[in-house]
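Below is one structure; the comments refer to it alone.
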Amino acid sequence: MSEMLAAVLHAKWDPKPEYKPSPRDIEGKLTYSGGLVWRYPELKLEKKKIPEPKDDEVLIRVRAVGICGSDIHMYESDEDGYILYPGLTAFPVVLGHEFSGEIVKVGKKAFNEKGKKLEVGEPVTAEEMIWCGYCKHCRSGFPNHCLNLEELGFTRDGAFAEYVVVPARVVWSIKEIVDKYGEERGFEAGALVEPTSVAYNGLFIRGGGFQPGAYVVVFGAGPIGLAAISLAKAAGAAKVIAIEIAEKRIELAKKVGADHVINPLKVDSVSDRILDLTNGEGADMYVEAAGAFDKTWPEMEKAIWNGESVNAKVIAIGRAVGHVPVWFEVFQVRRSQLIGSQGHSGHRIFPSVIRLMASGKIDMTKVITHRYKLEEILKAMEFVSKNKAETGKVMIKP
Amino acid sequence: MSEMLAAVLHAKWDPKPEYKPSPRDIEGKLTYSGGLVWRYPELKLEKKKIPEPKDDEVLIRVRAVGICGSDIHMYESDEDGYILYPGLTAFPVVLGHEFSGEIVKVGKKAFNEKGKKLEVGEPVTAEEMIWCGYCKHCRSGFPNHCLNLEELGFTRDGAFAEYVVVPARVVWSIKEIVDKYGEERGFEAGALVEPTSVAYNGLFIRGGGFQPGAYVVVFGAGPIGLAAISLAKAAGAAKVIAIEIAEKRIELAKKVGADHVINPLKVDSVSDRILDLTNGEGADMYVEAAGAFDKTWPEMEKAIWNGESVNAKVIAIGRAVGHVPVWFEVFQVRRSQLIGSQGHSGHRIFPSVIRLMASGKIDMTKVITHRYKLEEILKAMEFVSKNKAETGKVMIKP
Amino acid sequence: MSEMLAAVLHAKWDPKPEYKPSPRDIEGKLTYSGGLVWRYPELKLEKKKIPEPKDDEVLIRVRAVGICGSDIHMYESDEDGYILYPGLTAFPVVLGHEFSGEIVKVGKKAFNEKGKKLEVGEPVTAEEMIWCGYCKHCRSGFPNHCLNLEELGFTRDGAFAEYVVVPARVVWSIKEIVDKYGEERGFEAGALVEPTSVAYNGLFIRGGGFQPGAYVVVFGAGPIGLAAISLAKAAGAAKVIAIEIAEKRIELAKKVGADHVINPLKVDSVSDRILDLTNGEGADMYVEAAGAFDKTWPEMEKAIWNGESVNAKVIAIGRAVGHVPVWFEVFQVRRSQLIGSQGHSGHRIFPSVIRLMASGKIDMTKVITHRYKLEEILKAMEFVSKNKAETGKVMIKP
Amino acid sequence: MSEMLAAVLHAKWDPKPEYKPSPRDIEGKLTYSGGLVWRYPELKLEKKKIPEPKDDEVLIRVRAVGICGSDIHMYESDEDGYILYPGLTAFPVVLGHEFSGEIVKVGKKAFNEKGKKLEVGEPVTAEEMIWCGYCKHCRSGFPNHCLNLEELGFTRDGAFAEYVVVPARVVWSIKEIVDKYGEERGFEAGALVEPTSVAYNGLFIRGGGFQPGAYVVVFGAGPIGLAAISLAKAAGAAKVIAIEIAEKRIELAKKVGADHVINPLKVDSVSDRILDLTNGEGADMYVEAAGAFDKTWPEMEKAIWNGESVNAKVIAIGRAVGHVPVWFEVFQVRRSQLIGSQGHSGHRIFPSVIRLMASGKIDMTKVITHRYKLEEILKAMEFVSKNKAETGKVMIKP
């Protein structure tokens, strides 16, 4: 049997007039500005040849793969038919990058974390960002800013499939997790390592963490925000306050550890409410996981300004287009800082998240609200696209 | 009623021949080298005048006060009659410094954390180190290294008494804790803020913390070690391993969060056992809270050298006399560091510990094994002196 | 002789309609919103009684005092007669806070950095911010954010006078500087410790410094910007690029170490020029010392976005009213951060700046462009007010 | 012409009885314990085939290469004929790893720092540590602790030759340096990037640097110590104090920036002298570059203990066998830390050192005391072996 089922995204290369090719764009094939170029996206469930791993790669049988907001944004299009996802893309491509599985074939030079040959049967997950390892940022320990990035499920075939090939250097064993939770929940947890790592990078690597006992506010309780809530709680936040509108997500926020959830639709002032809940201090860390700085930043700015805390860190993880008015004085008078975060690779992030899951300090499987078979992927994508606010994480089980 | 009950330590100024006065020693009264000077200690329960707070001080009615190892070391003497405690002391003095209580009298210029006048009735605790606030280390944010230190219960009257006077600048409200736990347990928790802060300083301020998901090893499960275990767990350690001999303390270590306890008397090699429990990596943080570097350091050295981790921090909190052989190469090849820690003041330590307690993230009252009335203090001291290994924290309730 | 010459600022308490009293304002006397309250400022050279130091204070004979931009902003008024300075003020007050001098009288409890009594004759400078030492921010090591701040030359009598009284805890010896440079230049250098410390705080304490070999861009070459240039150079910046319009200040920027100065009036694009000068990387640190974020931020944003560096820190030291549009994505994709800085106290800042001056690593006396006698202070203020762009630092020598 | 001149070290695989093979040792070929295995070393100047670069490698024509202490330790043997160098080695091998040159051949996938193909003619230097890029430490940004390390001039052919092949990922352009200094001195400077980076790693990456204005003490003025002195000075140390015995090296220490040099043979107490020179404070950073902890640590311990500073960092860069007695209390009472450092890769070290050289902030060519032709390499090695104390850096110019 040499064929497999895979969900492939096709789209037409048809640049908008305002498209300016990046020096790294490849005409007709790859662009750093997806939304300006790709038109009429179509996701098809196809039979494909099972890929063959190169020397430094492994073939993985996918056991669980989550649907990410980015997947939906490549699948959805605007009124002119252009995909919503603005970034690095090369179509046609098998989507899917939040996954786990077991190794079924190992390239000749495919080594594990300990420098030994990877083995068939090992339960693993993988980073989505395939960093090159030789550009100056990779050499310097900043793989999330690799100059030659490939992305699994964006520019090379991903994991909405029965099998996926990835370079060994981005593969991490989740044996400890599977041992603890069993295969069913273990592989699901493993598929959640990647999005949890995005939050981990923001809070602990880029953000440098907080003193245990801190107050943490998380804007947005989508999957990244939920991971941020869970991690903040696990890392010793005395209070975690989530800001969220959707009822389902409010419920999930509480489930993973939010001490309070503020629904902006139900209070006069989010910032005042934050101050109430923090004895007038304001938070020590504000995490933006909503991708709506025009709405979230003004509340953070007021909470910081009107509070007494002089330790506030603002961590920007969400993504949004456009400029937002900022009053710099807030950073000066309240001794605060704004830190942007991107990616999930390097810095011991994946192994730390794996340890947190294996120890039971965090359990991200709580945020899974729906499960589908790979055969049902089109239905699943359609469902998520139409019911975002009703979903936590939707998991595909091939 | 102007008198109160207080346990006063008396001793004779009778320097040993090897005593060299420090430039800051005051002949006949105060020394930085207690054990070389003070002889024939005697703890007496006495009637004393209730002290009067100065302008920048408050009078506190003591509600709970713990017995610290230092108290015992001032109470105990060696075969020549000299006290065991080696440090800063001025006798006679009322002992006791791990306490909480309620304010009963407020000096004219006694302000709280927010810069407002302190109020009668406020439940509070206080730092033991009365830092001056004007020497270069205080000015620079390092009050634990104050050049003009006074110490509550060592050089000025402490809290083994019905009342105690302290400067307002070292007082912190524990209202949040008392609100949560009620008066009985709330004041006990409040009396544990100080020793917990000693551990907090070591792990998070001096040590800079660890990445959530880290493995942490704590040597010694006395009160400081138990606080370290509890804090490490609360701050996201994936595994906390305690090293302890005494059965009672092994039990307490598990109670406050140790995932594993190694009893050195029952294993061939502590370091091998650490490596077993950490998948051959070794720990990310080693906390010395045993005050026995001659025994603990060799195990740490071996665990670091034989493990694969290149992130080890060794935090020295325990105190011990004498030099210990160290192989510097371990710090180089395994990319590790040794960090000493002293004190509990400054750096947002007290308010962070208070928040952690008030939120329920840590509950140090679990380590209280015995409770006595102030009238029974002599009995309590005697008991602790003779049964160290059987006690967690012993609490005096005036 | 018990009288002295002093330059006193008088103004009328006449709040604008939009004035909202801060909880800490004192009606008729002190406000946190100077520009909304104080009208018709008038600086008068007067005879005043030489002040008497309290127990914890010293009396200093002023030997040199610089004119700061804030002094000018209290002296100048808008079209309605309100002072331009927006902050904490209590009039009438003797202005002047960037000073040095020699101690002539010592309070009973006025101790130096080593905890010993200060001595008559000691050459000293002092912090301008009289932090309380007991509010939570002071206790935590953040005196620049003291909740009970008094400010020398703003809310209590400053150093545009023959004598000034300050609390011992903000006094620092400059003996090493005077020994090296002699009295004439030594006291001038001493008067420059305070503004240099403002830059030091921004670059090294709040900003956390940069890796030696970094590229640093400083916007604005007023006295703070010039200090930033000088410090960046001394701390190992491989290239320091200043952005400045005024010819005199361009000249001073080069004098203190700028490798390049970009005059925005003479280039098409400041950000493009920065990229040219940094091999297309952009800078590792951008220092805003111009107080014009609406003009400077867009250039920083472009330089960061279009450059390859993923290490940019933006340090906001300058002050300006109003919101500025910010694109958060820049902080994410380019792994950068925005950090606000205020003040000059604590964190070993003053003693470090003093050491840098005493060692000759920096020589801020190079930025002194004019010198006046105290008798000429009104003329000096008038001159600076009318010729800002022509001045570096203007020094008053009583 | 397909042959080149190269200095090859031959030795006999003849393990001592106490040799225990490491799991990574390869019988007869490679060992992690050089000094226990390799006997009768012989350096021969030979004709060898010019090597061919693989796809991800480049061929470099060597223009300058320094003799490192490690080269000498592989060349020298003990009384039983075993080499003195204790570490990772695989013989026969061309020695030499501190080099620069120009690219003459480029593999198909040999990319530069910007991710573009490397070009013939580019002046470059290279890291000596050939980190794998895929083990957990490499993935986490710690290439100096690579689990699969190869070392240029130790386990694969190095640069005591006319040509050398290295993987592109460890190659860095020194065009900026050559442009500034010209080819003659530029390539020499380029060959000094590697040893300078060893010091840079210790002081700024592992050590985290110091506040500008700090006092820095460097033990040992061999090439690494001289680089440490030079870097400390460039990074804003107010005073740099070197400790050295050899007259020639004392002279070089002053030449590269030491403000004071203490010769232990000429003072009663090194630690007392350090305290004299630092106003009784002691240093903020102590750098061990002597590889003699048994002699240097006691002086550091005394200086820290008897000084007032509570900021001391001890950076261990030198290597030495054996345990040394350490008093842990020094780290606690004086708030100090001990940090080990190894290697020179990653963390933006090489590019930062290159920028520092290109800007003229440091000029390490000052430490070159002797120059030889490649044909004279045997003579040069012999000379260094017999006259260590008389040499700074000895440079081979093929």
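Letters A, B, C and D mark the chains in the order given here, with residues in each chain numbered from 1 onward.
The rule is short, and it goes like this: contacts are C-beta pairs under 8 Å (C-beta built on N, C-alpha and C of every residue); 3 or more make two chains touch, one makes a residue touch a chain.
From a predicted model like this one, the values you see are computed outputs, not experimental measurements.
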Contact-pair overlap exceeding half with B-C, pair selected from B-D, A-D or A-B: A-D
A-C or A-D, whichever has more C-beta pairs in contact: A-C
Subunit A-subunit C separation of Cα centroids, rounded to whole Å: 43
Subunit A-subunit D separation of Cα centroids, rounded to whole Å: 41
Contacts with two or more other chains, residues of subunit A listed in rising order: 114, 136, 142, 147, 308, 348, 351
Subunit C-touching residues of subunit B, taken from the complex the two chains share: 56, 111, 113-115, 132-136, 139-143, 147-148, 168-169, 345-348, 351
Parts of subunit A lying in touch with subunit C, wherever the complex brings them together: 136-137, 142, 144-145, 147, 206, 288, 293, 297, 308, 310, 316-317, 319-342
Subunit B-touching residues of subunit A, taken from the complex the two chains share: 114, 176, 200, 204, 209, 211-215, 231, 234-236, 238-239, 259, 279, 308, 311, 348, 351-356, 358-359, 361
